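One chain, subunit A, appears in both complexes that follow, with subunit B as partner in the first and subunit C in the second.
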Partner chain A sequence: MASVALTNLDPASRAAARGWSDLTIRNLFIIPTLIFLIVFNIFPLIYSLGYSFTNFAANRAEPWQFVGLQNYRELLSDDHIWSNFVITAKYVIVSVAGQMIVGFGLALLLNRSFPMKGLITTLLLLPMMMSAAVVGLFWQLLYSPSWGPINYVFGLGDFAWLSNPDSALYAVAITDIWMWSPFVMLLSLAGLSAVPQHLYEAAAIDRAGWWYTFTRITLPLVSPILLIALIFRTMEAFKTFDIAYTMTTQPTAELIAIRLYKQAFQQWDTGKSCALAYIVLIMVLAITNLYVKYLNKVKER
Partner chain B sequence: MAAVRTSSEVAFNRIAIAAVLIATLVFLAPIYWIASTAFKPKELAVSVPPTVLFEPEVTPFVRLFTKRVQMQKPVDPQAYDAAPWWEKRIYDGGERVLKVGKDVQLSQYPDRFMNSLIVAVISTVLAVGMGTFTAYGFSRFKIAGEADLLFFILSTRMLPPVVVAIPMFLMYRMVGLNDSHIGLIILYVAFNLSFSVWLMKGFMDEIPKEYEEAALVDGYTRMQAFFKIVLPEAATGIAATAVFCFITAWNEYAFALIMTNRRAQTAPPFIPSQIGSGLPDWTTIAAGTFLFLLPVAIFTFLLRNHLLRGVTFGAIRK
Partner chain C sequence: MRKLVTSVLAGIGLALACGTSVRAQDKELTIFWAEWDPANYLQELVNDYTAETGVKVTVQTTPWPDFQTKAFTEFNAHGDAYDMVVGDSQWLGAGSTQGHYVDLTDFFNQHKLGNVMAPATIKYYAEYPGGSGKYWAIPLEGDAIGWSYRKDWFEDPKEKEAFKAKYGYDLAVPTTYAQLRDIAEFFYRPDQKRYGVAIYTDNSYDAMAMGVESAIFSYGGDLGDYATYKVDGITNSKEAAAGLDMYKQLYKFTPPGWGKTFFVEDNQAITGGLAAMSMNFFAFFPPLVNKATNPYADVTGFFANPAGPDGKRFAALGGQGISVVSYSKNKDEAMKFLEWFIKDETQKKWAELGGYTCSQAVLKSEAFQNATPYNKAFYDTMFMVKDFWATPEYAEVLDQLNQNIYPFVVGGKGTAQEALDKTAADWKATFTKYNRYK
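Presenting the complex of A and B:
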């Protein structure tokens, strides 16, 4: 039955007989896209899977050798790589937690009617639409130790946010929170506006307190959409490259994607970086799977 | 509202709105800072305390677009008087504009900006074009394993760019597509295609099937019905999807950094590379950043009613 159109046309009718059949059109519309994605996304990944078992180096002409699982073994026992994963985990936790709190907080504040609400909401959404690399660049100006406005406003003297090993990662996380809280805010606003008003009215009649109403009505009803925001941001934060790469060169802020980039395109350790790419890829796909599962759940409501 | 609002509720409401306004100012401050730096005199960009109010000038933009050298001796007054206003601004800063004959030598910025524009526009047209057809297919026909196929399509979007870039770099090197517009366009189409399929499917699902069925009964072929009934109905959705794809391609950094270095380099890897060593000229960098961010800011306002849909791949709509 897979090829039957959803429209209930009688196959013998004149309408169905005219022009191309629905089956042809369906294939014509869908197959090129699938082929394109396979050729430019899946095939490269198969190609790099092959290289992940070799000692291939893209900047040298010497022939490569098959090394079996050696790349994977070395990576998984490499303390440096583990520290990159730990840094990435710290970054994900700090920046996603910050985004959830700031974003949901903003949404709670915005969830009422006031003049110019639309304009203010749109203005708040601007940061997430910008190029992360360029955002990273101009936050360097804001963080500048000697004449940056941040140190001036907070009276921090000449604190070097981005070249201090202890603060670099958190400075990047703060910028990421600035950039992506609006995303959480946008989703939360949608969740909040979908809470039926009569529930609040019933709670008011029962003289329920603010906290009770918030934890028993608002949170449970908004949580599915908050979860979507949480998973999506976790996935994106895990992959973070541009913003951290343009902001700092501190080893303490070397996220796994930056490590991968350096290994592949600065040290030209191609075989090993293909293996590392696969480790990262499997982690990302696991989160993606979770994300799509919840996305479909919310969609069905 | 059924309930009468108590005075404490009114007070809380006022406090919340005040908090929103303060939060908005805090969120916009970094954007104001980069935008204002683009119009500052050089010395005010790095002043202590930071300068908030000043007399704006467009000299940073003149510097952004021209190649300049430091002058060894003061400018000849006659040459100064004969120079157009913008060249005078450069002389005032102790520099002169480089020229070939009478032609001003342009900096690399306009080239990089154009590269961004070319790559973003062409990749958007292709991704949205293909995505629209595919979305229609998924929206209207029964497909075996539809959920799995859609997951496959979406998962290609989630691949970390650096992971894809390693094999693509090697393959491009073999076929000579490194540092080419076409190479970057292909990557951006592949990246945006899944997004465009998902978003367009949401829009397609909203167009009642009855429209086409009526057209089919009236003697249209399905292709005619698609082009004459469905596409016009989907115009808003196509426009919103296109703007999203454009912004994504316009902003993209990792692929551009890895795959291009000169000829096809786009603005995102170029602008940060201008910092260089020593004391950077922040006004010129800010001018370049400002021009680069401006289209995105305008598009954000045009898109404001579709942002939610866009960031959730069409899954959540108001």
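Presenting the complex of A and C:
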């Protein structure tokens, strides 16, 4: 009966009375979404690919010319851009590794019953619910060498986290870790609660140690979901803009997304910035593909 | 069904008809500017225009870091959201050559504005290319880099004595950059939470460039030949390098964490009792003489940018002119507004409200110069200003300067000469790319 209901309209319904078929109703729901996607995602994507082969500048009235791969060649041989990529790689490694360690650690601590567990879990989730720009501004104050509590608590005197070219990037990464560890924690908690209890009971009967249980039972069973968290966080960290942009203007903390913004909306070098956006997109796709392949392998095990 | 369609169409028709009739009755003008006190003063001023003519004028604002991006996004889309824009002097090149601004040359000549407004403001806020006699804006808000300082620290007899013993001359308002550096060093006492000087270091737009160029100009350097685009040997001259080096020396005496600072932080250095001297644009000085916003208002003094070693004295120009956006649907109405704005009595009222008028007559008047503790310094400064590149690719040029000088000033990497050599090379490549050396 249920399958009949899915394929055939109730003859007594108003839709049937108007002569609408099942297909019409499905299209009514899907077509607006499709149009939206095509107009706002797919069309600009293809259009910008075209721009990336031109010297088009949105603020110039002059006609643009086709320049072939020149934009890509110039970008890939530009030392500044490479240094932006190196900075971004450092940032991704530090911030994602930090989030995985802190997030998974928190999940392990929360994966047991204790009083007010629900409240504490909710409170721990708060950072990721805040706007990234607001988080950036808050942490700028927390790091302030004159009145910021961080230097006071750790006794760091007037160490200038954000004005020091060597520490600015890590200061931003710490903020990102604070903001996004709860996300990893949430996914890890879901993974941990799905581990069958009887495996732990069997391990206990066999007198397996904590470390043995963790590495042989917990980690292998949670790793697929941890990898999903890793994919999401890597992609997000790679394109971080807001936190870093609000916190510091150090060239040593200029992530590729900030360079892209400057090129596109301050210098209006539209063609070249489209090319840079495609380089970033290809890099993110490549990294994500590697992860997905590994994830499939893990799942097969 | 037909009934439904008919009634919907009728409804739409009625709504459109009502909308058009309302628009025809209430003329509106929108002026776009950055979010700061002068924009509020301007809103107060234009309310008079509304009272006189019935035309509603709204001053729409956006925070400084977004100002350029938002304005040019609208220009590039040929949008009519703004009828007039109070644009930065550097925008003149892009605004005029790309067709965003209405040519105001006839208006300028008809009203003989060349004799009405201060010469520097015409040269930098209105004319493009330099010396062409083509005008694109009416000078609206004059501004330049100046300094505030703690009079009580400077006048303390014990400090005076200690200063004289250490440096061999009297502690007073600095007239040269060398003296400014000595005084900054003298008051730099981190253990007492007192620091020597507050300067601009934010490199997300033009803040740091304005601070640095003030020093470079006073040291006899230049950013390049704006007429021929020659940069080799000018941008990276010994004088320019000495000026940049002085700026770097001043950075050593700033409060801790002074790596992303603009007008807010520099004013806080005074209101928070942190620094002996602080650089800022004159337009940001009003809160410093207000006791509600500055507990040290009574003991805060002001001085014009000091001279370099050869006695040359310049300051970076801020300020803006008002231009009519060529995509506006109310251009005629905007021109009528400009006619009202340039009237002597409007300019007088503008100055009274706190705006920095560019009208020579008002600037020279005793009443203006004595109106605030810093107006005299402002008047002196407006005759020794120099500006940044106003070429259409100025944003690219500015970014390259920021990229090269920031690591030297804040990060302590390399030398001033290396930073400027790299800047000259980058600028030459950029100007070559845009065919400036035909």
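Keep in mind that, in the parts below, the second predicted complex is superposed on the first by the 265 of 301 C-alpha atoms of A that agree within 3 Å, B and C clash if a C-alpha of one lies under 4 Å from a C-alpha of the other, contacts with A are read in each partner's own complex, and residues count from 1 in each chain.
Basically, a residue touches a chain if its C-beta (ideal position, glycine included) is under 8 Å from a C-beta of that chain, and two chains touch if they have at least 3 such contacts.
The model shown is predicted, which means the values in this text are computed figures rather than measured ones.
Student: I'd like to know which partner A:Leu219 touches here: subunit B for first, subunit C for second, both or neither.
Tutor: A:Leu219 sits against neither subunit B nor subunit C.
Student: Now for A:Leu162: first (subunit B), second (subunit C), both, or neither, which partner does it touch?
Tutor: second
Student: Is A:Val134 touching the first partner subunit B, the second partner subunit C, both, or neither of them?
Tutor: It touches subunit B, and subunit C stays clear.
Student: Is A:Ser146 in contact with subunit B, with subunit C, with both, or with neither (first, second, both, neither)?
Tutor: both
Student: Tell me which partner A:Ala58 touches in the superposition: subunit B (first), subunit C (second), both or neither.
Tutor: both
Student: Check the residue A:Trp268 against both partner chains and state whether it touches subunit B (first), subunit C (second), both, or neither.
Tutor: second
Student: Of subunit B and subunit C, which one touches more of subunit A's residues?
Tutor: Answer, by number of touched residues of subunit A: B.
Student: Once the shared chain is lined up, is A:Val86 touching subunit B (first), subunit C (second), both, or neither of them?
Tutor: Neither partner.
Student: Could you tell me if A:Pro44 is touching subunit B, subunit C, both of them or neither one (first, second, both, neither)?
Tutor: first
Student: Under the contact rule defined above, give the subunit A residues that sit at the interface with subunit B and also at the interface with subunit C.
Tutor: 58, 144, 146, 265
Student: Subunit B touches which residues of subunit A in the complex?
Tutor: Against subunit B, the touching part of subunit A is residues 1-7, 9, 15, 18-20, 22, 25-26, 28-30, 32-34, 36-37, 40-42, 44-45, 47-48, 51, 58, 106, 108-110, 112, 114, 118, 120-134, 136-142, 144, 146-149, 152, 178, 182-183, 186-187, 190, 193, 201, 204-205, 225, 228, 235, 239, 241-242, 246, 257, 260-261, 264-265, 270, 273-274, 277-278, 280-281, 284-285, 288-289, 291-292, 295-296, 298-299.
Student: Mind pulling up the subunit B residues that touch subunit A in the complex?
Tutor: Listed in rising order, the residues are 2-3, 13, 16-17, 19-21, 23-24, 27-31, 33-34, 37, 46-50, 130-131, 133-134, 136-138, 140-144, 147, 149, 151-156, 158-171, 173, 186-187, 189-190, 193-194, 197, 209, 212-213, 216-217, 219, 221-224, 226, 247, 250-254, 258, 268-269, 271-272, 275, 282, 285-286, 289, 292-293, 296-297, 299-301, 304, 307-308, 311-313, 315-316, 318.
Student: Contact residues on subunit A for subunit C in the complex?
Tutor: Spelled out, the residues of subunit A in touch with subunit C are 58-61, 80, 143-146, 158-165, 168, 245, 248-252, 262, 265-269.
Student: Using the touch definition from the top, list the residues of subunit C that touch subunit A in their complex.
Tutor: 68-69, 72-73, 75-76, 94, 97-99, 190, 193, 201-204, 255-260, 274, 392-393, 395-396, 399, 403, 406-407, 410-413
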